[in-house]
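Two complexes follow with chain A in common, the first pairing it with chain B and the second with chain C.
After this line comes the complex of A and B, so read on.
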């Protein structure tokens, strides 16, 4: 019993770290561009699929950790320019446009990758003993990569020029533009970074989950819930909410079936939304 | 009467005549298969109208209308399959179930607005989706339940039932038409004006003495009614109810259809739903990957016609005298 609890909590924790990456991507796009990105789950899915293709081409899974976010970054930049820029500033239209993107991404993957879900073997096999249970080594690596990527993202946001520009435009678009920040470039970069984060989440997660053209559909509401519960615009809050959510689901899963665990966490989310719509962490973090 | 109003009346008249003659004209022009496609479009238009009533008229973006569609659908399905109800009580059960659910969830949901409202509607509908999926003995889960449909009317030995394709079509047409008529009446009533006031500026609306919370709740229950009727009709139409129609992606499609057609206009949802379903039906017979076309279309429409197709038409034919009317497309901004 304790073993199951520990195993499922660890799984939940690691899955939460991956979701945190994806939700952060969603949050920056949402906060800076006013875009309700319905395609964000599919961005993650594209990441898992690209990881599969990169494994086929290079024969080495680790190559995907570099290649996939890069490809996603470029794809994101192109999409922003072609689809998002013309409708920027209108969240209602962004729903329709990103719904269109979502359909296109899913369908292109179905055409090229196929409709059958596939599994990828983890690049590191085997288990190690951890707190008395045998645990997949790759999952621990996945946790490490996620934490590294989260840290890198916050460093990027706080200590690089582009990151500073992104925060500036988010804070006050007009003033930032008046101070010479190239707002248009920042928009393109933001969308690209958001896609790259989700794509990176995809590479990390692909050996843990299945690669499937509908793999993003279930993930999308979870990411949105993390963004809202963490507090709109509160990036550390988003990451924390994602981890808490998945951890909670993992813990409940050791007592009940996965669906019941899902329902429990959703009920809890509604309670948070109704009682603390300003987010769970308001007052703790800025 | 302005030129545009005249033109729109003319179009409406042509449309009504077309709808009334569908069972005869369509098999002649295309083939009989399209009669049932048009019946389906009518049902989905009603579903899109329910998202439009909330978003287009009251400014609440709901991603949870599939919940009420599902309650309407399961009200009919469970009513017939488990309780052995006949046609009308099952129809009533579906509608009442949907409205009751809308009332209960609305009490909580309409306390929130904009992003928060959108998320809580997703969360509520997901909760019931998962319940429906796991309660296999009652709902059949993702596989759903099939049932035999009892006759709609029976006078002695004469029966009218959905087995007759023409009767099925006209029943759906009548039900959808009544709902749109009701919506037209509500939108043009003082309540409809109150909806618009809340949509445009809820603070000002409350300052002139409107109870914003109650107005939003009324709209939410009305939208639940529309979605419930659509779900019940869909259950009759397919003799089938399934949890997969309660997933949030279906709610999203209703929102997309409404915005593409023209949010905040009565016929926008009809235009949007027709466009997407006709494309799907036409392309899917030739090409497996029809979603690709639908995706490209959705993007092109919002770039080229940001007020939706109905909005585009109005900009195109409008004379300056017309523009004194209510603004059609809501301007929703997330700015504090």
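After this line comes the complex of A and C, so read on.
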């Protein structure tokens, strides 16, 4: 029982770090562009599929860690320009537009990759002893990559010119423009970075999940719950909430079924909305 | 330097600017005055490209601003201090200062603005929202100065500021003007405006209805009463 609890908690923790990457992209896109991105789960799915293609082409899974975020970044920039920019300032329309985008992404993947889910073997095989249980080495690598990507994102946001511009435009687009900040470029970059983060999450997660054209559908609600529990627009809060939720679901799964675990997350979200609508982690926002 | 010719702005169905015409010469300090809602802030926003023009022409140093993207207008040499100061509360003082500068930090320019506003140097790492109203106003002006502007547009810089700091901000605006930078000031505080600006434009219902010197305005009680709603002469 303790072994199962430990195993599922660790799995939950690592999955939470991956979800944190994806939810951060969702949060930053919502915070800056007022876009409720229904296609964000599919950005993760595109990441897993591109990781599979990258492996087929290069024969080296690690190449995907560089190639996939780059491709996703470019795709994100193109999508922002073609789909999001024309509906800027209309959050309600963004739900319809990104829902359409979600369907297009799924169907394009179904046409090219196929409808059959596939598995990718982890690039590092084997297990190691951890707290008395045998644990997949790759999952620990996945945790390391996720933490590194989260740290890189926050360093980018706080210590680069573009990151500073993103924080400024998020607060007041007009004043930022009057100070010489190219707000339109910042919007494009924000959407592209959000897609790249989800895509990177896809590469990290592909060997520990299945690669499937519907792979993003289940993930989207978890990301939204993380954004709400962490506090709208609170990026460190979103990351912390994603880890907390996945860990909680992992713990609940050790003695109940996955449906009950998801119900627990929904109950937590409802409690936060009722008792602390500003989010659990208010005070960490920058 | 700055020329506005028959500028019109519509916001929704409202015709806010109905043909604004005036100009600012190099090194000049001018005030744009009028009651609330006559279109002063909209005029400034139109100059900065933040309010879409429906007619007319705005040019700066011979460049038609309608052909310039709004974020490139500050790079031509127009600095803007918006109403309410527009400080980014989630950015540090240093980040606020350098938001518009291109490339590396301009430490020489930073030294200049710290010379103008020494208090900012003590608060470099503080977030913008931790500053007092007066300090935020200093930061808003300093942020403009970082871009080495030829003209600074200030929208009610003394609004909501304690009197002690008002005189310091007034002194610094005068000093900036003395260094050769033109000033266009929108101000509810008529006394401040007339002290700082030898040239005055009065707006009423979206047009400039009076253009003259501050000396003329001080003696023209009828104009002052009709367009500014003041019943007695503003103090010299």
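For the reader, a short list of remarks on this structure follows.
Just so it is clear, the second predicted complex is superposed on the first by the 282 of 286 C-alpha atoms of A that agree within 3 Å, B and C clash if a C-alpha of one lies under 4 Å from a C-alpha of the other, contacts with A are read in each partner's own complex, and residues count from 1 in each chain.
The definition used in the following text is that contacts are C-beta pairs under 8 Å (C-beta built on N, C-alpha and C of every residue); 3 or more make two chains touch, one makes a residue touch a chain.
Fair warning: this is a prediction, and the values are worked out from it, not measured in the lab.
In the superposition on chain A, no contact is made by A:137 with either chain B or chain C. Judged by the touch definition given at the top, the superposed model places A:274 against chain B, while chain C stays out of reach. By the touch criterion defined above, A:162 reaches neither chain B nor chain C.
Residue contacts after overlaying the shared chain place A:91 against chain B, while chain C stays out of touching range. Judged by the touch definition given at the top, the superposed model places A:108 against chain B, while chain C stays out of reach. Judged by the touch definition given at the top, the superposed model places A:182 against chain C, while chain B stays out of reach. When chain A is checked against chain B and against chain C, the one touching more of its residues turns out to be B.
When both complexes are overlaid on chain A, the residue A:262 reaches chain B alone and has no touch with chain C.
The intersection of chain A residues touching chain B with those touching chain C, taken from the two complexes, is empty.
Touching chain B in their complex are the following residues of chain A: 34, 36, 38, 83, 86-87, 89-93, 95-97, 99-104, 106-108, 110-111, 217, 221, 224-225, 228, 232, 257, 259-260, 262-263, 266-267, 269-270, 273-274, 277. Touching chain C in their complex are the following residues of chain A: 164-165, 167-168, 170-172, 174-183, 285-286.
Against chain A, in their complex, chain B makes its touches with residues 55, 61, 108, 111-112, 115-116, 118-120, 122-124, 126-127, 130-131, 133-134, 248-249, 252-253, 255-256, 259-260, 263, 289, 291-292, 294-299, 301-303, 306, 330, 332-334. Residues 45, 48-50, 69-75, 80, 82, 86, 88-91, 95, 99-100, 102, 143, 147 of chain C touch chain A in their complex.
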